[in-house]
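Next up: some structures, all given as structure tokens.
There are two complexes below, and they share subunit A, which is joined by subunit B in the first and by subunit C in the second.
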Partner chain A sequence: MQDRYKHCYMDIEEVKQRAGPREFGPTDDMPEEYRKAATRMIQFHANSEIMGAYIERPFIRQAPSLDRKLAVSAQVQDEIGHGQLLYRAAENLGIKTREQMLDELANGEGKFLNCFHYPLDDWYELPMIMFFVDGAAMRRQATLKRTSWEPYAHAIDKICFEEGFHIKHGESILAELASGTRRDQERLQEAFDKWWPRILQFFGPTDDQSTHSDFSSAVGLKTMGNDALRTAFLNVYLPKAEKYGLEIPDTPAVTFNEDTQRYEVEEDDLDWDEFMQIARNQYPQGKGQIDKRHRTQEAVEWVRDAIENPGAGSAAAD
Partner chain B sequence: MIFEVFRQEQRKDYHVHVGNVHAPDREMARMYAQVMHARRKPAHSLWVVPKEEIAEVDSDDEGVSMGGLTQKEYRWATNYNTDETFAEEIEASQREQEEAERGREEAEAND
Partner chain C sequence: MASARLGAPGDLSEREREAVEALLYQLADDEFVVADRYTDWQCQGPTLEADIAIANIAQDELGHARLWYDLLQDFGYEETELIWEREAEEFRHATLCEQSFESGDWADAVVRSYFYDVAEFLQVEALAETSYPRIADRIEKVNGEEHYHREHAQNWLERLCEDAEGTRRVQAAVDDLYPYALTLFEPTAKEDDIVELGIRPTPLAQLREEWYDLTGAFLDGLGVSVPDREALDDLVAEETGRDGSHTDDWQRQYNELTYTYRMLDRTEARRLMADPDEV
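== the complex of A and B ==
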């Protein structure tokens, strides 16, 4: 492939001009600013896949039936696989190695989605992740099939192929609990009350508050803004919640604006201090999740060593 | 030497395996690949790879598990129909899965 590196260096203006779906790949000499922005975005996505798997993993053990156990286990396996695909896509940009990104995640520098900083207490909370949060993630991912970094779009192709099952399985768990006993329904509502504000924050601050949005959109990495994504998500998932008998809490206030055809969320009703604390990886429970990842990475260090330096271990044992 | 050829029809498409060429070296392999696989069927790009550089995993090999042997309905979106409509991206994902399933069935029927 090395003989294909024939493209000349592109400056940022040219990138903005050419930006379009799957426009750039490893054979293009992209400016550092683009490569850094793409790395930040894909690394965040990869980290979120891994940390999402950590949130769901305990429910392989806690699943109430064999069918659920098999399905949850398949989902966790898929998410880890998505993480690996995405680290590959990010690595291609030449800013960070895969090892560096995994180390950053383990030592608390790596950023990931707000919702995966909150460990789940019980099975009633699982559909909050598997249906609403994964549904929100899928909404965003569908728009990334048109991202300008081709290796990212290729990873997204496979992710979207698999993800339909995850969300429909999550919906099936939700439907089952929603049609259960009154106690089931109450506990489901409690889980929803707790998770609803976090879900509303999933897409991040509104566009006017978002730090990296402008550049990522200008170079085609991002194809839809935070506000439009949240509206598209609410259009489908708010009626779904109501359909399963969930009551939408009064605060944070969500209203449908007939003129703009958009849901509007009362931003002041949401806890943005907590969101920012999470964004800095300083939320106590989130730190617990990161520590868990750190311990796991350390625990299997010897496996990586054995694979990368075969024979080294036996010399030490002599 | 045998070189395997992967052809990309248009920019942004995936490269797809189309066959191989017998050539004495890399340069000649690239030329043969163009003549055989990109002349009548115009292509945007070709990957030409020495056959021995390709690692193969065969589903018949011992200890290999590549799906399809055990019942895994629980793994597919079609298995969970708790509602009549779903978000468009969920329905798109399900269509892709159904298409892949049809492809597998056709492949089996032709076996």
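== the complex of A and C ==
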């Protein structure tokens, strides 16, 4: 008995020792601290997929060709599918059910990526999400193929595969606009100026400022720090932006440090107050997005009632 | 009364070509507009699974629209002329397709899709006998997917009707949508030629009878009532779509649909996928 117990239960020290790619799964009896940290991370990711789908949604109808309409619809659908996969991976940790997590999202308690708190104004802004933000997300996700919670890594495999198509489509929209009329190019640049600081903030505060980083890294949930991820992103995407004729704004200042081989961003040039307001789900536009989610979920509550308790009729009227 | 096989697109007489075009516009516009409406449900579905399923259906219907518009391109039209630069009143879809959804009215989505899919199934079955070879080529692809759509709608109707509130909502949707559903069988100006030339040998009026029997029997089994057969002619919505008359919902949908195209001041619609003839 004693041995078996020892075999199944892991304390934090053992978790840290064993932590490696896809090391733990539903058959391991993980300490609560690990399960909570993993839930927080995966729930955040799942919420981000749903809210990312929300801001892209209007462009299914507004897409300017039949093929683009099909592609945007498929993309939004994929993101809902990613949300579904991720909630399942999070549910496996035994901390929260999917319903709880979806309720938290609709109630404004669920957290999600900063960029998805800003609704998109028009088609010119779409590649800011579909190319740059999705590209940034891809950088982060690629490192999560080596996360220690196996169900998460498994979901990431499928997500990365599909996300690759989304980024290609985003790049195709970007390329079309960048090679359009002068007016197209100007509007594209305006969209880029507006989104660039938000994209830089996508990776969150620098490592020394990040609250949950240490523990998540120690137990192998997170495999790369915010700073390194941002550099990896900029290495690829700065040249791409330039390739499409976009000018990188002077502020926030981005410089390459030859010694560390890293990009450095002048942190004071970024609006961290707004970022923190977003992190608390209190940024007005983001709150608008959450409220929308809340209303649409409430409007279909009757369907869930009908299929979960058939025959019960309208419970609200009783 | 088998009709003579029609020739290739370039060999049609004027009468033949006009009839083929009228049928193709009807088919393509129905698919395009109903699909675009289904996408209203993306991110709004009652469950994540429902959301994903209706997105699938929307994309299938968009794919069908693409197949039919592509046959119109045989006559030299471009996608821009067929969709993006056409005036709202030139569209020939039935007004069932364009109705906006009340927020949360999933019963509407399910009933509409059921009405539409049964009609499409019957239409496609009738087209299996078409005298126009280009349409015959496309039928199999459309048919395979419609089967799944019908099953999806029927499953949802069954689930909703196990519940009192669900049944009430389904009945309300049937009552609201019925006049518009009937517009699916309203003729275009070329209906007589379409039938006589065997492009679709079965008249729409006959398809409506079959549709009425099929949908009526199924809904009756769920405890949902439909109008009497004798009442149908008077019930058809005033705006049928087939003659270019539409409800206000269409103008709003059209404005949104064409918003980006107009904003970008485009003269071409970007193709990303291979031509259906090359697949």
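Convention: the second predicted complex is superposed on the first by the 306 of 318 C-alpha atoms of A that agree within 3 Å, B and C clash if a C-alpha of one lies under 4 Å from a C-alpha of the other, contacts with A are read in each partner's own complex, and residues count from 1 in each chain.
The rule is short, and it goes like this: a residue touches a chain if its C-beta (ideal position, glycine included) is under 8 Å from a C-beta of that chain, and two chains touch if they have at least 3 such contacts.
If you're wondering where the values come from, they're calculated on a predicted model, not measured in any experiment.
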Partner chain in contact with A:Ser172 - subunit B first, subunit C second, else both or neither:
both
Which holds for A:Glu163: it touches subunit B only (first), subunit C only (second), both, or neither?
first
On subunit A, which partner's contacts cover more residues, subunit B's or subunit C's?
C
Applying the document's definition of touch, where does A:Val236 land relative to subunit B and subunit C: first, second, both, or neither?
first
Given the touch rule stated above, what does A:Gly311 touch, subunit B (first), subunit C (second), both, or neither?
second
Subunit B versus subunit C as contact partner of A:Ala71, first or second or both or neither:
both
Is A:Arg280 in contact with subunit B, with subunit C, with both, or with neither (first, second, both, neither)?
neither
Return first, second, both or neither, reflecting whether A:Gln141 touches subunit B, subunit C, both chains, or no partner chain.
first
Mind sorting out which residues of subunit A both subunit B and subunit C touch, each in its own complex?
67, 70-71, 74, 169, 172
Using the touch rule from the top, collect the residues of subunit C that touch subunit A in their complex.
32, 36, 39-40, 42-52, 55-56, 58-59, 62-63, 65-66, 69, 79, 83-84, 103-104, 106, 159-160, 162-166, 169, 253, 256-257, 259-261, 263-266, 269-273
Spell out the residues on subunit A that touch subunit C in their complex, using ranges where they run on.
50, 53-54, 57, 59-71, 73-74, 76-77, 80-81, 83-84, 87, 122-123, 169, 172, 176-177, 180-181, 183-184, 295-296, 298-307, 309-314
Sites on subunit B touched by subunit A in the complex:
12, 14, 47, 72, 74-77, 79-83, 86-94, 96-97, 100
Can you list the subunit A residues touching subunit B in their complex?
1, 21-23, 67, 70-71, 74, 135, 138-139, 141-142, 150, 154, 160-165, 167-169, 171-172, 174-175, 236-237, 240, 243
